[in-house]
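Below you'll find the structures, each written out as structure tokens.
Two complexes, one shared chain (subunit A), two partners (subunit B, subunit C).
What follows is the complex of A and B.
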């Protein structure tokens, strides 16, 4: 493991994939409009929920907007890094080109997780950050250093959990070859991350914090943002994120034992 | 004589596509699962008693969302993704020489997929009724027939819209990003996430002029026995089909004239 080598390789990845993606300039514009419309749509949906109610699951409209902001940032990260790379795994395995990845003198998980980048997701991340800044104003949140560090820690943990979930499903491609639709299932589950966990019934809440920890991904960072979270929640999130990352690593190494090249 | 040969063509197409789709039954099963977002929405609605303000009882609302799930299952269209792949891979050229419009082939593919999907949708509905036994009901035969027709019409509207977008592949390489853009208003305005009856007045005043409420809201209301205008709904669906079909014919003939195979 040589961090400088990996850093150098990563800058090369960035360079090549940005160059190839920027060939489709209109596409990026359309993706921007899509991201904006999608945010407007979810705020519209929220406003329907709140039109006759002051609060949902203990969250007011202004507070629920924070969840939307965080969801938008995480969705942007998914679209920038996870989606383009991990759908590529399916291609590698179907066409047998995973051999070339495994032969390279570099960690295979690093290579397939970070090779590509889709710049249109950046716009979504910026939209989300913009919404969060707006939320700071309307919720009158005092910015200070401890708040920012805690928020960053929880967001990074959310990103790790999200990455592990995506990577976990993509890894199963080694056995099932086609996993497009398993990814669709994950996407539709992630969709509930747009809403506060407390707005769901008890059974669903348990399901979404134990089996698929979507609850951790958006709700805890939002609570930190509002200064409502307990310390144990943050520790729990750090713990869950570590477990997920380690499991995803172990699972990848385990799955590689079953990889046999195409047509063998 | 002529009708006989057309019948044979239809049956052969459907048979081929159906056996093709049966190979991917796990895929299609997973895809059916990814459509359960309406149930999460239902959970938010009933868990927070949001439906009291729009005068729809819990039972009627759960029937509505179940029907929305069904309508969505049988009106999912993905023609633009197939066509984009085929046209990038150069598979469109051989299709164009055949005395059959390629879109008829895609249409048969969709129908075959719906037949494959049917048992999965039934299983999911079965589980839904286990969790919500009070919402079991049996629609009468006439209503059932009408809602099947309106679901089919909704499918045709979406198929036409997507085929028009797919024809843009003749001019641009990534038409699917336009489809993703169009999907956003479909998602939020069609009634998949919230019944159109709950929308605020400033949206309701114009939304019934767009095709969106007739894609899911109208057939779902019809099937679940919620209030809706049967005559108005059907006439708007047919009107949209009559408006979209000539557009598709035009763009198809313009596109095929523009089309040049790779390497020409």
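What follows is the complex of A and C.
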């Protein structure tokens, strides 16, 4: 793998997909308004939950806002990269245009995962960062290098887990052709990531930690943020993210052997 | 003598195909207990293609032409047998192999829909690791050959089908591949656009000595580009050889329409022993076998006083159509 070439190709991806999106100005404007309204709606919903009880699952409202901030950043990343690219895999396979991807001298997973971006997702990322900065102030969090490093590691791991889950489901399209529903179910589960894991019953906590690791995606980075996390939790998240990434990679390469292309 | 660039030995491919009965009952049965069967779509085929050759794959819809093409370029794994293309095993899709080939499909496109084609060309150039100046040189060269200029800067969605196809070709050839796999490249194009595309392919082959494997249902594509054809019937090769030999074999006779000065002359000709197709007043149509054609023509011109003469060869579409319609046609 030639990193210089991949960097060059990625800048071309950025350029072409930004240029494509900017062709439709109204669409971008609507996306931006939706992102702002969605965040306001989520915070409002969260405030209703905390209205009568001071805390849920041991989390105060100000602390739960951190989870909302992290969720908003991850949702922004989903909307910027995962949604435009990974939903396209289904289209590529149904229509047989994956042929063009597979015949290019470039890693096919890199190509189909990063070819497009949706610039309106950037606003969500910015809003999420803004909310986290606000949380730093209201929770009186002391910013230092180790805190930032650990937070960055856990956030990157969360992105990897989220990407792997989505990519894994999209890959199954090679056999099942249509998997929109499974992706919608995954997105619905991710909404759960807006709430602290401790607010759920024991059974649900196990389910969201083992089967669909929503817990790793938002709760652990939030605990790091508040200085409540255990070191073993961070190691576990790194381990889970590595396993997920490697498995999704192996699964893609395995699935390609069964790709039969669409008929002409 | 050119060397073999493609070698296919005992190649077979099977697909699992599911079938569904008609009606709601059939739909429910299909949903809960899907019946699949293995269908052998390519059956033990062998052929070799030399460097610089243009080979046409002929066959009815579903005969297996596209499956062969997709196995040759490495998109589909073969079930049995071996394929060597440019010294590589295609299905491994190694970088050097991929830089040597291209696939163009008339019914699918790789250009970015909302942007002008030039953006897709530079994106492809970066994927093939070409620097900006080399990419610019190649785009200029190919756009001159394809006779496209202003179209490069108009969004793809606003281009005509012919302009789009030319741009698709440019995008697919920017890395100057040695082997071109073309699956119905002229599909849906008007007559002029088809002719221009054929002219370009001929020129490209002549200038670069690229090998071209082509499938098309337009016989003009085959007759004007390919000297050699491979006929595929039900997944097997029924003919592999020169196109003109195939045409002679499928159409062993020519027809001559002779216009005589009078009805009497026509009757005289009728009684001279030729095989007569039809006769109207002073016009007579006779059928002559290809191998006797020259001597028969000499006899007619020397012994009969005729006014005019027309040689009719059956249209190539009609001859090839025989292979496509009748699946077990014995070539």
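Please note the rule applied: the second predicted complex is superposed on the first by the 263 of 264 C-alpha atoms of A that agree within 3 Å, B and C clash if a C-alpha of one lies under 4 Å from a C-alpha of the other, contacts with A are read in each partner's own complex, and residues count from 1 in each chain.
One rule holds for everything that comes next: a residue touches a chain if its C-beta (ideal position, glycine included) is under 8 Å from a C-beta of that chain, and two chains touch if they have at least 3 such contacts.
In this text the structure is predicted, and so the values were computed from the model without any measurement.
Touched residues of subunit A were counted for both subunit B and subunit C, and B has more of them. Contact with subunit B, but none with subunit C, is seen for A:26 once the two complexes are overlaid on the shared chain.
Of the two partner chains placed around the shared chain by superposition, subunit B is the only one that A:38 touches, whereas subunit C remains out of contact. Of the two partner chains, subunit B is the only one touched by A:199; subunit C is not.
Using the contact criterion defined above for the overlaid structures, shared-chain residue A:51 touches subunit B, although it does not reach subunit C.
By the document's definition of touching, of the two partners only subunit B reaches A:188; subunit C does not. When the two complexes are overlaid on their common chain A, residue A:60 makes contact with neither subunit B nor subunit C.
In the superposition on chain A, the residues of subunit A contacting both subunit B and subunit C are 24. Residue ranges of subunit A in contact with subunit C, taken from their complex: 2, 5, 8-9, 12-13, 15-16, 19-20, 23-24, 95-97, 99-100, 102-106, 257, 259-261, 263-264. The touching residues of subunit A, when paired with subunit B in their complex, are 24, 26-27, 30-31, 33-34, 37-38, 41-42, 44-45, 47-49, 51-53, 56-57, 176, 178, 180-182, 184-185, 187-188, 191-192, 195, 199-201, 204. Those residues of subunit B that touch subunit A in the complex are listed here as 24, 26-28, 30-31, 33-37, 40, 43-44, 47-50, 52-53, 172-174, 177-178, 180-181, 184-185, 187-188, 193-194, 198-200, 203. The touching residues of subunit C, counted against subunit A in their complex, run 15, 66, 70, 73-77, 93, 95, 98-99, 101-103, 105, 107-110, 112-115, 119-120, 122-124, 126-129, 155, 183-184.
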